[in-house]
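Down below are the structures I want you to see.
Note that subunit A is present in both complexes that follow, paired respectively with subunit B and with subunit C.
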Partner chain A sequence: MLRYAVKRIALAVVILITVMLAMYAMVFLVPGDPASLALGPRATPELKALLRERMGLDEPVLWQVWHFFRSAATGDLGYDVWSKRPVLDQILEFFPNTLILGVAALGWALTLGIALGATAVVWRDTVADRLLGILSVGLISVPAFVVAIYAILIFAVWLRWLPAIGAGNPGDPLSQLRALVLPAFALGVGWVGYLARLVRASLLEVMGENHIRTARAFGLPESRVVLRYGLRVAIIPTIALMAVGLGSILSSAVFVETVFGRPGIGTLITGAVQKRNYPVVMGTVLFMTAFYLFIVTAADLLIARLDPRVRDVLRR
Partner chain B sequence: MNWNTNRRDFLKAAGAGLAAAAAAPNFAWAADGDTLRIRMDADFQVLDPWGIIGGLDEVIPRCTQVSLVRMGDMRDGNNWELYAAEKLEWLDGTRLAFTLRDGLMWTGDFGPVTAEDVKFSYERIAGSDSAWAYQFEKLKEVEVIDARSGVIHLTEAFAPFIVIAMPYYGGHIVCKAAVEAAGGSYTTEIPAQCGPFLLDSWEQAQKVTLKANPGWTGAAPAFSTVEIYILGDDQAAQLAYEADAFDFTRIAPGAVRQLKEAMPEGATLIEAESTRYVWLTINQNAEPLKDIRVRQAIQYAYDSDAVLQGAYDGLVGRSAGVVQPGTTYARTKNLIDTRDVEKAKALLAEAGAEGLTLNLVALTDSTSQTIAQIIQASLGEAGITVEIQPTEEAAYWALGDKTAGDDYLSLELVLQSFAGGVDPTENLVWFRPDQIGVYNWTFFDSAEYEDLYQTSLTELDPDKRRAMFNRMEDLMELSGDFVFICFEPLVAIHDSDLQPVILADGHPDPVRFTRV
Partner chain C sequence: MTDPVLSVENLSLRYRVPGGSLQVLRDVSLSVQPGEVLGIAGESGCGKSTLAAAMIDLTGANAERTAGTIRLSGRDILSLGQADRRRMRGRDVAMVFQDPMTAFSPVLTMGSQLVDFQCNLDGVSRREKSDRARAMLARVGLSDPDLAMTRFPHELSGGMRQRAAIAAALLMRPAVLIADEPTTALDVTMEAQIIHLLRELQADYGCAIVIVTHHLGVIAELCDRVAVMYAGQVVEEAPVDALYHDPRHPYTRALLACDPARIEEHTGRLPAIGGRLPDLTAPPPGCAFAPRCPLASDRCRTLPPPRVTIGPGRAALCHEVAP
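After this line comes the complex of A and B, so read on.
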């Protein structure tokens, strides 16, 4: 198990370095002068040169890469070329918003998805099962931004129950909670259907196993067999999926953050890419990649610990 | 106490709660009548007038700083008025005397706003590598007479100095002592403020809040609080407006038709011509376009009506140059004012350029792409095949830049637009010969144009200036290097009981918003 953990962590570090090298390659391969874009048509050549210097783009590429990794290792992700604020400060300011949004979206999707999946198995091969199947596929198919726009129309424009934009007032948890409802709903709705399908399939597989037959032989009610003995095992694949899901949700949060005017990592990185604010782009990508790898690695290790089948393979 | 509940009680309670929530339409948004809520499309980056970049960078100093003069609403003709100056007088062509209003005070115990602050504010930008240095191109120095008076000396007579240099952007006055104490410049924290509002809080990428300055001695603004919400997407902003999230927002021109059919209750629509001018660059240096008859064929084949209807819903008319239509100095019409496809074909035949294929570069936004496609179709009718090259913004701006490679030599057609200024010289400056390979991507190179430009800077007679500007635009068109398209529409929606003030750059001046 320890050997496996070391291997997984080493792999994560290699992936992280590869991603950052790829990012540097992209920065230099993508056409366009960041200084011209950022400063607009009235910029003087001197001002453009100053900005390039401030972004560190006047240095040799290899030196830039080395400097970036060396600084990042000490927690220094550089400075925003415009506001001159530390990049790490900005990330730490924005990241909680995105993380809360992602966790809330995944949280409600997970709760409802598991419930729908389990219900479909309890009533398998009935009309209810088929209707839940249609509902699940329907939810998967609807793009998040469409849900977001209709959610605003209904709950903010028409009913005026919830705010259309923003992340709520600082220091006011109720306002922050209300500002979270619509974006989390829009972001999580697709995952409800996906999780429902996954749980149903996984549960059906588990329901054919020996310990389930034993439970039935004892005359336990079917709902209890499903929920207590089947679901406990069937839910394990969703742990791995959750890790991937959180990464996917964090990256797709950019659309929802844009529509709801919600500050977050998505809006930070989009604005930085558009303005070619390279220190912010590189710092944010590094942070998010590291976070994603941490989650995926942790999930792999957790599965290795929880799933006896994986444990057996690792022992061999 | 025992707490008992059952399914029926729970349903009753939940139903009552939902009904109460539904009956309270302002549950989510309690719009405070004393608060002005406006929306901008991007957050600010630099508040120091020396380094202002985007829209909100400028809107905040309008509230927190002062300038000697300020511009009026763009819809009323961009007239200037005294602001921090109580007196402004030309002593002769190169000397402009000013006296500051009494009672303007800096925050942070920096004392009153002085002529020394004006001198510092202007001279730190003039000749520097600030993007706004061009505003002070003709500034020689600011002479301080006493605490509130001074004389601005120009290197030569420069008629539009007041409207170009003084009202905004580089013209905002900063506190010399505070800025020097901050190290000579600042970004997001203003070291000293003196305007009608003070920057109260900033929730990055979400909201900026400004509160009325208790030390302000000028006319009190109509609102005690200004909240500026950051929301990038125009369509989301329109929805948010309908959800009562703001009182004023710019929206996409494409939304006008739908809004006119179903205007939100209590809302008013603003449709105006912005100062952003759009044109088609035809690069005379590109091999297939070296013959002027080919360039003229493009001018004749261009279908203006289709572009204005297709891309702008007919909200604006065709422009006759880069001087804003409807102003004193605008040219009344283009020399080639009517589409003539047969003439275009004949010119191409004369030039031996039948079967011509050209590359058209346009930005990736939907309006640019729509215009490009209509140009493609209209030139196609004359036998010119146009291949559209959608180009992302960063790559786009490098295309005509001679320091970024040799692409600028062979560009063929480019759809361009620039944000314009109030004085025509601010728009015409980019087509001077020294701008080739910088912002003049057509290779238009006219000595007469340059002479007229220089003369227009010092000429004070409006009629003579108009004749000069009209001739300059004639020269541009006669070169075959330009097709003038339009000045982009500015579309905004606001509460009907609100009277907004929008300046020439298309951005609001929250200080002068009032309730009707």
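After this line comes the complex of A and C, so read on.
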């Protein structure tokens, strides 16, 4: 298990370095000189040269890369070209908002998705099962930003129940919670359908296995058979998917944050890309990649804990 | 004779399949006396496993009973409600399945499953259930029951798992134990040990055992009485010695002739019954075995065979058998 953990973490580090190199290459491939863009069309060559120097763009590329790696390893992601604030500070300021949004969206999607999937199995091949199937596919098909716009229209503009934009007032948990409801709803909707389908398929497969028949042969109540004997096995692929899901949810958070005018990593990165604020773009992408790798690795380790068969294979 | 503990009366059952239905059980009648060991023999696809599953009301969702009753301790189990049927399982009738590799949940420890399996035992705490499980594991010959309780199924060998499955089935001292091919997935040494164990436990606990197998040696070792099935029907029923020494139904004779253990001459090839099982979506009007039977006459092909009583506890479903 320990060896497996070490191997997984080493792999994560390799991926992270690869992503950083790819990011760096991209900065040089995308047209538009940061310094000219930053200073506008009327800037003098001297001013541009000065800014290029300050951004470190006048140095050899390899040196820049080395410099970037060295600082990144110590947690220094450079400075914002505009505000001169450290990039890491900005990320740490905005990231909790995005994380709360992602976790809230995934949390309610997971709860409802598993419940709907298990319900469909208990009532399999009935009208209820078919209706749940149609509902799930419908939910999967609607993009998050469409849901977001309709959610604002209905609940914020017409009914005036919840705020349309922002993340609530600092220090006021109730207003923050109210501001979280609509974005989390919009972000999670697609996943409810997806998870319901996944859990249903996975659970149906498990319910055909012999150990389920054994549990029934001893007279265990059907609910216990489904929840303890079925779901316990069926949930394992769902966890693996959820790790990938969180990554995907954090990317769609960019749209949702834009629609809801909610401060977060999504708004930070779109703003920075528009202004060719490279240190912020690179720092944010690097941070999100690291976070994503952390989640995926943690999920793999969790699966190894949940499934004793996997655990034993790893022990060898 | 006392009242049977389990009796199947004129049971017909079919599976709905795409494009029709398979008549897997056709007018099956059998009874098991308290403490008796009944063997059900037959080749693959003859309906023996379906019959075993029906005895504990575990046929699949696509199975449909078209006629007959199953009585367990005098109660017609198929007329009971879902909850009452569920309450019966494990207590009145318990089952040991064919494949010990997949019979237990892979993600729960043996101990927690053995405790769960006693859910129909009322007024007993989890702790006591755990103690009962441990004692039963020791009884079926697991050398370290404390350790086995904390293990996951895949950490036990096939033989140990089958012993644990037998322990699970006996936990609530059922009146009838149904074993569906309990040794098929095991090697020969294991098979002998499991048969020995079943015989010992039967003597100790006095429960009736219904054992389903295609292995005639297992039946000879273990059973008091045998029912031979073919194409969804019981074609011959007899005390075990009588069946082996004087098989009457042509199918039983053919089946015994194929048993490698009974072949005396070394010929280099195994005997087989020519032909194949009839199509169960449309069973033939006459005797199902007629197309493969050396004695078949015209009436065998057109008229359903009568049930001929040959002697005490002996009957055969055949036109050609004289009483």
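As a convention for this text, the second predicted complex is superposed on the first by the 312 of 316 C-alpha atoms of A that agree within 3 Å, B and C clash if a C-alpha of one lies under 4 Å from a C-alpha of the other, contacts with A are read in each partner's own complex, and residues count from 1 in each chain.
Here is the rule we use: a contact is a pair of C-beta atoms (placed from the backbone, for glycine too) under 8 Å apart; a residue touches a chain by one contact, two chains touch by 3 or more.
This structure is a prediction, so every number in the text was calculated from the model and none was measured.
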item	value
First (subunit B), second (subunit C), both or neither touched by A:R160	first
Contact breadth on subunit A, by residue count: subunit C or subunit B	B
Partner chain(s) touched by A:A73 [first = subunit B, second = subunit C, both, neither]	neither
First (subunit B), second (subunit C), both or neither touched by A:R262	first
Which superposed partner A:R309 touches (first subunit B, second subunit C, both, neither)	second
Subunit B versus subunit C as contact partner of A:V233, first or second or both or neither	second
Which superposed partner A:L62 touches (first subunit B, second subunit C, both, neither)	neither
Partner chain in contact with A:T214 - subunit B first, subunit C second, else both or neither	second
Touching partner for A:V127 - first (subunit B), second (subunit C), both, neither	neither
Common interface positions of subunit A, toward subunit B and toward subunit C	none
Footprint of subunit A on subunit B - complex, ascending	21-22, 25-29, 42-43, 45-46, 53, 129-134, 187-188, 203-207, 229-233, 235-237, 239-240, 242-245, 392-398, 401, 403-404, 418-419, 430, 439
Complex interface listing, subunit A residues touching subunit C	209-211, 213-221, 224, 228-229, 232-233, 236, 306-309, 312
Residue ranges of subunit A touching subunit B (in the complex, touch as defined)	30-34, 36-48, 50, 82-85, 90, 93-94, 149, 152-153, 156-157, 159-167, 170, 178, 258-263, 267-268, 271, 274, 276
Contact set on subunit C toward subunit A in their complex	56, 58, 86-91, 94-95, 97, 99, 102-108, 116-120, 152, 154-155, 165, 168
